[in-house]
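Each of the two complexes below includes chain A, the first together with chain B, the second together with chain C.
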Partner chain A sequence: MLILFKNKRVIPYSMSRADGRGNEEFRAAFLKTKVLNQAKGSCYIELDQTKVMVGVFGPRQEERKFGFSETGRLNCEVRLTSFAAGAGMNKQMQMAAERNMSAALEQALTPSVLLDRFPKAVMDVYVMVLESDGSHVGAATTAASTALADASCELFDMVPACHVVRVNGSLLLDPTSSEEALSDGSVLLALQPSTNEVTQLNMTGSWSAAERRAALELAMGGCAQLKEVMRSTLLEAAATAPAS
Partner chain B sequence: MDADSYKKLYPELFLDTFVKNGVRPDGRTLGKGRAVVVGPGAVNASQGSALVRLGHTSVLAGARATLMRPAEGTADEGSLSIEVQFAPFATPQGGGMTGPRGPTAELVSAVSERLQASLRPLGIPKQLCIKPGSGAYAVEADIYVLNADGAVFDAVLLAAMVMLRDLALPPTKEVTAKEGGGSQAAGPGSVRALTEEEAAAAGIPPVRLQLPLQPLAVTCCMYKEHLLVDPTAEEEAVAGSTVSVVLDASAALHGVYKSGGSLAATPMDFTRCVESAKLRYKELAALVEQAFAPDADD
Partner chain C sequence: MSHSSAEIDFCTQSCQHGIRLDGRACEDFRPLELELGLIAQASGSARLHLGSTDVIVGVKAEVGAPLREHPDCGRLQATVEMSSCASPEYEGRGGELWGLQLAQALEASLVPEHPEKGGGGLDLRSLSIIPGKAVWLLYVDALVLNDGGGVLCVCVCVALAALSNTRVCVCVFTMGGGAGEGDAAEPEIELEDDEEGEGGRPLQGVAEVPLIVSLGQVDNAVVVDPTCLEEQCAASVMHIAANARGEVCGVQQSGRQGVDPAALVALMERGAAAGSEVLASLHAYFKQAPQQGT
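Here is the complex of A and B:
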């Protein structure tokens, strides 16, 4: 049986997806650090057509309105380009989406940072989703965490994040936007893999206990895979960096 | 003191040390531009797009076309609106356009005003008209400055030109009386876009813009008696003033902009800027041609 949809992509009712990968497979993930020469740390992530760039700045002095604090603060700002937002989104919707993503990113990353190392100060994490074909929130979190590491910000652990959606009862890792549109349930998981501590979990749809467990396990496996990519990217960058 | 600290503490002396010897901190000679990357079609989701890099300065541009009914006063014109925005990580302070630490609103509006002025001679709105009074394309383009490391206007204009050249507008047809009822907006006599399947079936290629000219900008900055072509942000910050020259393939000038600064430019300085711009133009134009050459699409 083949299910046809309005968008040109067709998801066959078999084990493989429109782009030919298995249900539990990532799109080819590409990470690169030191992409912005003027930022303290930066990272670019590409999951096929999902492209996100992150720049980290600071620490800088906290604005007076936030008052005195013995711990530092992470300030995350996410922007979407008009092509990432898509034709169906007007300016207000886009701004609302950006605010939500910024808040979510801040929550996902803050637990991983040693905030008491920069009291009274702020690290700025600026994210721009250049193009999106699904899973850009996870990609943004992954890239932002890598950029923080690139900026030599002290971290407890890195925070990879990935999406799982349920389409016709099967669980798909790292969904494209057409798969997201078809799904009746989704999971966004951000986690510190070394300690298996979850920093963010976002589930929508109704899940049975067994399904939920399977989805979380799949997402955790995805995060573990992403962590390896992040690690090797950072190690490679450190190996090729000029000795100073 | 190591070189990095010296640069931070005494940016002017740092640059001076290099320029005295006829080179620049990144190893270029004074008259040499940075490496250029021209990538048309960088964004899949848009109908025309470009990624342009001048050294570290990078700009991403994308355009989306929709159909509209021409405005009353300008029945034979479509619309082209281009918005220039800075990514929040584009400048060393971060903050993007909205934050207090971002590039000044003046810089953004100056860049976008110069861009509008440079594109005006191309007469694009007239070309976007399909049927006077009843149908035209509305092109909405967004240009994002991802990294503003000097000569931002050059990169923005180059990206805009490459994007416009890459722009593939969907072919259209007139709505006949029979199918007019399909959508409420399209009455008989108006135009509608063909779907991809229809266009492929009828063998109609997408509509391309005619670009009679290719205005490109070249920025030079004046430092003491020297002229530095295609400056980085560090050089711009130290330099007395910057001069941007917009010219086309026949070396005709479309604009010369000098932004304040502490140095006044003599007519001789402008002549030198224009001469350098001519040389750099050839380099840029060749790269654009190369990017659009048929064997460039792999």
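Here is the complex of A and C:
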């Protein structure tokens, strides 16, 4: 089922962004589940030009090298397509970026999964970043959380994630890649909205105390918006699913 | 290294009462022992003991070509090797992934994101010899000899110490090696030999490099500089990079549970204050420390 979500502000008080958005406005977010036949759960997210595809498999048997474990494990693997990685990136840098993204995703999603429901097993989350125009880590986290829910994995809560950058002193929500290049500080926040717990926070650049609070509040507001989109996508998918 | 649930429970309870298992208060660091200039062949070196965590860093400076995007900036490349004796899980290639992540974190904290703008880390523009052709490349190699928790903080701290100790040779370059044809001739670079033992010139921007402080959230208590066992007990560990001015330069969260946003903000304040204190005492030590090799 297609969900199109457009968040248009009536008051155009700040037209300083290249695409005419306000500082606190998300791009048009499009989420769709059940896009992969073979995967237990899947999700495709589009934030204008940022496109990420996620497939979830599991719970599957864990490899022997990990030994016995009373709790399950969440394994995230991210791949960047060569056209998503950017022109200047060589293979080494791309692999480093993929590794970092995989670790970031695991960090953001693990607190939301009931791992002790599948001991000795692993839940595999495979993420493919098809195209990146900024904020692809946040988009990947959001899509992965939706895909986990689509895979009927038992979760404490959904985990939306978003980026906030600071360009010339003003805070911009959901930056494009050109805005990220101009920024001198960025925040990535992944939040469990129902329990109001932050599962992941990455900050770069120097932030004063007041700016930190403002950036965190802006990011939390952005996550609340994303959560509504995720919920409506999943509910629509469940409503139109064939009775089994 | 996994601990039993009884050990974890004991540690959590003791943190709630404000006394940690090694007798520290919640806001105390472990005793820090720093040794500078111990590797003679390296341009700069340092070894740090923080409690039982032991990391040694050597810095080598070489002349090389700059990156195309930043033609007048030097380069820094960090590698972190987890020694097999540090923990049985680092045997063979076990510690490779963790080492790569640590190296990434090290590079992110030592040099600013946009080197051509300056500030926020080492001044890479001062490492340029001939803009566009030759710059200094700094290879920072860290070896983790013993892992007692807090390896990220220790790596950054000892890398900072090694860089403060690093001396690069003074460069003299002559235009036109053979048949000089004006601009078409390739300049020759000669590294001035350092017979008086003065040691070359130090690196610029070492005072801007931030320090990383780890804070663990154990139930209601906040513990600074957690050990291995405390990291396991903590719901989450925040790694906060703070510079000498007390500003927060970077935050990274790791852990199995989420953290309340209000607690997050409080943790960042604590981390920034603790980090700037340690940095102040470190820089005071560097000023009066003897030069490399003497």
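Remarks
Following the convention adopted for this analysis, the second predicted complex is superposed on the first by the 228 of 244 C-alpha atoms of A that agree within 3 Å, B and C clash if a C-alpha of one lies under 4 Å from a C-alpha of the other, contacts with A are read in each partner's own complex, and residues count from 1 in each chain.
Methods note: a residue touches a chain if its C-beta (ideal position, glycine included) is under 8 Å from a C-beta of that chain, and two chains touch if they have at least 3 such contacts.
Since the structure is predicted, the reported quantities are computational estimates derived from the model, not experimental observations.
Look at A:N202: by the touch rule set out above, it reaches chain C but stays clear of chain B. With both structures placed on the common chain, the touch criterion links A:G86 to chain B but leaves chain C unconnected. Contacts of A:G20 after superposition: neither chain B nor chain C is touched. When the two complexes are overlaid on their common chain A, residue A:G169 makes contact with neither chain B nor chain C. In the superposition on chain A, A:D124 makes contact with chain B only, not with chain C.
With both structures placed on the common chain, the touch criterion links A:V54 to chain B but leaves chain C unconnected.
In the superposition on chain A, A:L36 makes contact with chain B only, not with chain C. No residue of chain A lies in contact with both chain B in one complex and chain C in the other. Against chain A, in their complex, chain C makes its touches with residues 68-69, 97, 100-101, 104, 108, 113-114, 117, 120, 238, 243, 247-261, 264-265, 268-269. Those residues of chain B whose C-beta lies close enough to touch chain A in the complex are 43-46, 49, 56, 60, 62, 64, 87-96, 140, 142, 144, 146-149, 233. Of all the residues in chain A, the ones that touch chain B in their complex are 36-39, 42, 49, 53-55, 57-58, 77, 79, 81-84, 86-87, 124, 126-128, 130-133. Put simply, chain A touches chain C in their complex at residues 88, 96, 99-100, 103, 107, 110-111, 184, 191-192, 195-209, 212-213, 216, 220.
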